[in-house]
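Given below, in the form of structure tokens, are the structures.
Next come two complexes, and both contain chain A; in the first it sits with chain B, in the second with chain C.
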Partner chain A sequence: MGTILELRDVKRYFGIRSGGWVGGGGEKPLKAVDGASFSIASGSSFGIAGESGSGKSTMGKLILRLDRPTGGAIEFEGRDIGKLDAEGDAWYRTRVQAVFQDASGSLDPRMRILAIVAEPLEIHARTGPNRLGKAEIREKVEDMLAQVGLPKRVMDNYPHELSGGQKQRVAIARAMILEPTMLVLDEPVSALDVSIRAQVLNLLSDFQDRYGLTYLMISHDLATLGHVSSQLAVMYLGRIVEIGDTEEIYERPLHPYTKALFRAMPLPDPNRKKSAPSLRGEIGSALDIPKGCRFCPRCDEAMPVCSAVDPELVDVGAGRQVACHLIGGSQHTKATHQRGSNE
Partner chain B sequence: MTEHHVDMPAENLSAEAGPRRAAFFRTLGDWPILPIILLLPIILFGVFGPLISPYDPSAVNPAVALRPPSWLTGDGLAHLFGTDYLGRDVFSRVIAGARASLLVSFFGVGIAGIVGITVGLISGYFGGWLDTVLMRLVDIQMSMPAILLALLISAALGSGLVTVIAVIAIVFWTNYARVVRAETLSVKSRDYVAMARVLGCPDVRLIRRHILPNVIDSALVVASLQLGAAVMLEASLSFLGLGVQPPAVAWGKMIAESKLYLATAWWLPFFPGVALVVTVLGTNMFGDWLRDKLDPRLRNT
Partner chain C sequence: MTQAPLLSVEDLRTYCYTRAGVVKAVDGVSFALERGDSLGLVGESGSGKSMTCNSILRLLPRPAARTVGGRVLWDGRDLLTLSEREMRSVRGREIGMILQDPLMSLNPVFTIANQVGEPFRLRGAAKSRSDLREKVLDVLRQVHIPSPEARLSQYPFEFSGGMRQRTVAAIALAGSPGLLIADEPTTSLDVTIQDQFLRLLRELQEETGMALILVTHDLGIVAETCNKVAVMYAGKIVEFGDVRQVLRSPAHPYTEALLKALPVPGTRQKRLYQIPGEPPNLLDPPAGCAFEPRCHRAMQACKNARPPIKRLSDGRQAACLALEAGEVQ
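On to the complex of A and B.
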């Protein structure tokens, strides 16, 4: 299976003015995404995990071309999406679609469901050689709604007349109607009742089986990501700190931050003892990233080197990469490595 | 005995009518009854004026000059609102004035709305230097007193109906621009706009299909509140002699002409004044009702 999406050292800095306003004011960047590289295999599910403020949603926006990276490159099916012309943009829009967290917010309250689901077709299939007529569009919408498990009659409803789960199904129908190859799912089930979540996740996985879709799922919820994704990247303060096979990360998390996230995960086990406090403090500010390792101020296993040197992502075998001095293979951290793993 | 017998059906009737009447008033509660009562005669006057009016509004008849309202002197319905210094029927003139007021305020507010909504949408949606330029223009416009502006414009265009409409449009578009821009900024950040971008929706379509329908409510409320202000401005301009020219009639002009007779013929300023107050009150109350009605937080309950 080939690579469908590749990110190479992608950065997104936001300029924030600080200091005097009569000239001389320096610009201090907010580093929302600070050098992210990964690739997603065609037909797979890739998960991005992280707290609020980790930069995972900015990453989604960059991939959806709602925002432009300040550095690095994003390649989709071999084309640099930063250098698309109008025709290229239209192509990209039909290939990559999205489902957002808040279904009520992502459906225009003034449009009926028919118009909402038909809109991608109206934008992309009303002109050119394979243009569709009104009746054909209606037929396609009906078919799509049936595929997401909604009755025909909702076409004439407004979004506020539907339940949360139904709205999210409408959003999925809209995303699927152009038969894209990749879906960006930004917290697709976080806002739903737990009882509805499984249904929506099953629907998504049916679609993946049926159409060979690639999913990029962004979530703070490790349990959801564990069910859905085959590859997982854990983000902290704009940087990927651990990336690899989801199952392996679940079995043996290596980065202290990943470990802490798993400790913080609620498990349905009454005998489980509450382990040491999972995470101290809050995620740092992307405006003032700590020197050295950015997780260092909250890390239980921090060493002197951690507050001095920023660890690189290092290959630890089986496609897993970790950015931590405890695990790292670099010469600099070799000496302290022993102590770390003896714990 | 007989009394009791007579009362029975009456009681039954009211008991039966009670809930039905309550239901009737509940559905009425949805409608802006008071604004309708206030505005309906004005609108009828404006539309069917010549059919209703008992006299030609500009017909001079010195024999009956400065007569008080006829029902006060026992003359029946001859001159309901009295006559002015030339013996013209005040009632007919109030009816004729409604047409000028309605024409001017609807067209003035309408043109202002089209311009202001367009500017607000462009300014809010595209942002950047365009936004800065347009909003500074609004600021400059708003810092100029309306009357002064009106003087300038009528000096340039000459006074008349078209001038008044132009003045109202130029004075009022800024309110729309500001309100619509603010709404556009808020709507622009919603997920469904981001989603439309992901779908590859072109800017023009995005503004027309997704932003305009979601900001139009506020613009409608502004419009309804401004109708009253436009009627007032028209009256002020006519009062100053910058408005419609004779033989056309306007309420403001009638009030202005009555200046000399304030002490002796109160009905001359009183009836056009009441018409003015009723119109402004009616449109303002309608605007309030519309605002409550269109508020999405209230609408979906």
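On to the complex of A and C.
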């Protein structure tokens, strides 16, 4: 399996004017994504986990070319997507499609389902050599609706006439109609009821088997990500703090933040004993990132070095990387930590 | 000594009158709560869990929705028969409420001190300005707002989501209610903040012996926070009982299916168990059991008759014909 998508030190800073109503004041960078590198193997599922403010959705937008990175590069199928011309842009949009959380918000309320699902075809097959006629488009839409498990008759419906689960199926049909190779799924099932969630996740899994699709799923829900993804990246305040094989991270999370996320995850097991509180405080502001490790102010295992030096992602074997002074650091820092925790 | 339960809801019926017809949003719901109990009210959207809570507090959108039957016994009185004025003294003082979106329940143009102080002022519970200030600080400390003195003159927009929800909890707690109804209080919060908030609720319950009704669609939250659970489907409670019993060995096929449909973290199953179909249209519900079209245990009889809720041998209650026929368990 080759690499389909590669990010190298991708950054997205927003310039925020500070102080002063009209002009004046300085510009302060809001570091939404602060140096992310990873690659996704073709045909696999990659998960990005994190809380609000972690930068996971900005990351999704950068990959979808809805926003441009201020640093670093994103390569898709060997091409730098920051350097695409108009034709390249059209190519990219037929290859990479998106499904978002709120299907009601991403479907135009004044368009019928047929028009919604057909729109990408009309845009992209209008100019190309494989121009489609009306009847062909209709046929393709019908076929795609059948694949997402919707009856033919919904073509004439408006979005508001469908249930939440049906709307999300329409959104998936629209994303799939151009036969893309990769889908970016930003919280695709978070707004759905439990009994509908499983249906949509199974549908996505079927599509992957059938077409060898690559998925990038962004979610705050570790249970869903654990089910879908084979590789997982955990983000905190714009940085990837832990990345690796999903099953291994579930079995043995290494970064204190990943551990806290797992502790906070509610499980329907009445016998599970809740240990210490999962985490104190709240995620900081990307405008004012703590010095040293950005997780340090909330970390129970913080050492003196943590508030001074920003830890780098270090390889800890088996494809796992962790950004934490506790892990993969020198013997010296480990020893200091042990002394610290005994006191 | 047999004591009446703290809250007893009997055969509650709330209907919504829409242009398209009558929706039986709450269709014969009964349950009882003791002091210190925490009940998880679970179900999917449209199952009637929020309408049940709003009916108890008589906060229904009128004239569209009306409680047409049943009793809500609280402290020896039927809340459904009280005057609006009497009801106003029950709300907030005897029964507190927290809603899903804390931003919607806080007024953006009033300070935190003003809003948290309002229930005290309305009741005339504060002797002086400084007494009021102390009382406000007390409840803010109770919900762990850091450095509350500095926060008094701030506005909701200056608070984070977790702090806003804790402020809403502070307002609900200001009247030291005997029962707190929390309708999806953590849906807009991050997992770690949700965990903090649920811990806070448990802690407050332990301190005050307050009872809790927690509306949620998340069985995980129920497992961690509640001792009783009521599973709702299409306006009815289909299973009610001890959390351990219900979650460990669900009796009703719907509860069973809900639990099976959840991804188990750490195990990458190829496919999830999926409940076929969608919840019924309540304008035109099935004639028999509402879950019958989606149920893997459905029998011919399920199409014709609505199963009554019955007490099982282990003390819990469930509404399923297959159970009576001895097919489950």
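Simple rule for what comes next: the second predicted complex is superposed on the first by the 323 of 343 C-alpha atoms of A that agree within 3 Å, B and C clash if a C-alpha of one lies under 4 Å from a C-alpha of the other, contacts with A are read in each partner's own complex, and residues count from 1 in each chain.
The definition used in the following text is that a contact is a pair of C-beta atoms (placed from the backbone, for glycine too) under 8 Å apart; a residue touches a chain by one contact, two chains touch by 3 or more.
In this text the structure is predicted, and so the values were computed from the model without any measurement.
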Go through the superposed model and pick first if A:L201 touches only chain B, second if only chain C, both, or neither. second
After the superposition on A, what does A:G78 contact: first (chain B), second (chain C), both or neither? neither
Considering only the touch criterion stated at the top, classify A:M265 as touching first (chain B), second (chain C), both, or neither. second
In the overlaid three-chain picture, which partner chain does A:L66 touch, first (chain B) or second (chain C), both, or neither? first
Once the shared chain is lined up, is A:T246 touching chain B (first), chain C (second), both, or neither of them? second
On chain A, which partner's contacts cover more residues, chain B's or chain C's? C
First, second, both or neither for A:G2, with chain B first and chain C second: neither
With both complexes superposed on chain A, which partner does A:P109 reach: first (chain B), second (chain C), both or neither? first
Chain A residues where the chain B and chain C footprints coincide none
Interface residues, chain C side, partner chain A - complex: 44-45, 160-163, 190-196, 198-199, 217-224, 243-244, 247-248, 257-259, 261-275, 278-279, 294
Chain B residues touching chain A - in the complex, by the definition given at the top: 190-192, 194-202, 205, 209-210, 213-214, 296, 300
Within the complex, which stretch of chain A touches chain C? 51-52, 163-166, 193-199, 201-202, 205, 220, 222-224, 226-227, 230, 246-247, 250-251, 260-272, 274, 277-280, 282-283
Mind listing the chain A positions that touch chain B in their complex? 61, 64-66, 89-90, 92-94, 96-98, 100, 102, 105-111, 119-120, 123-124, 160, 171, 174
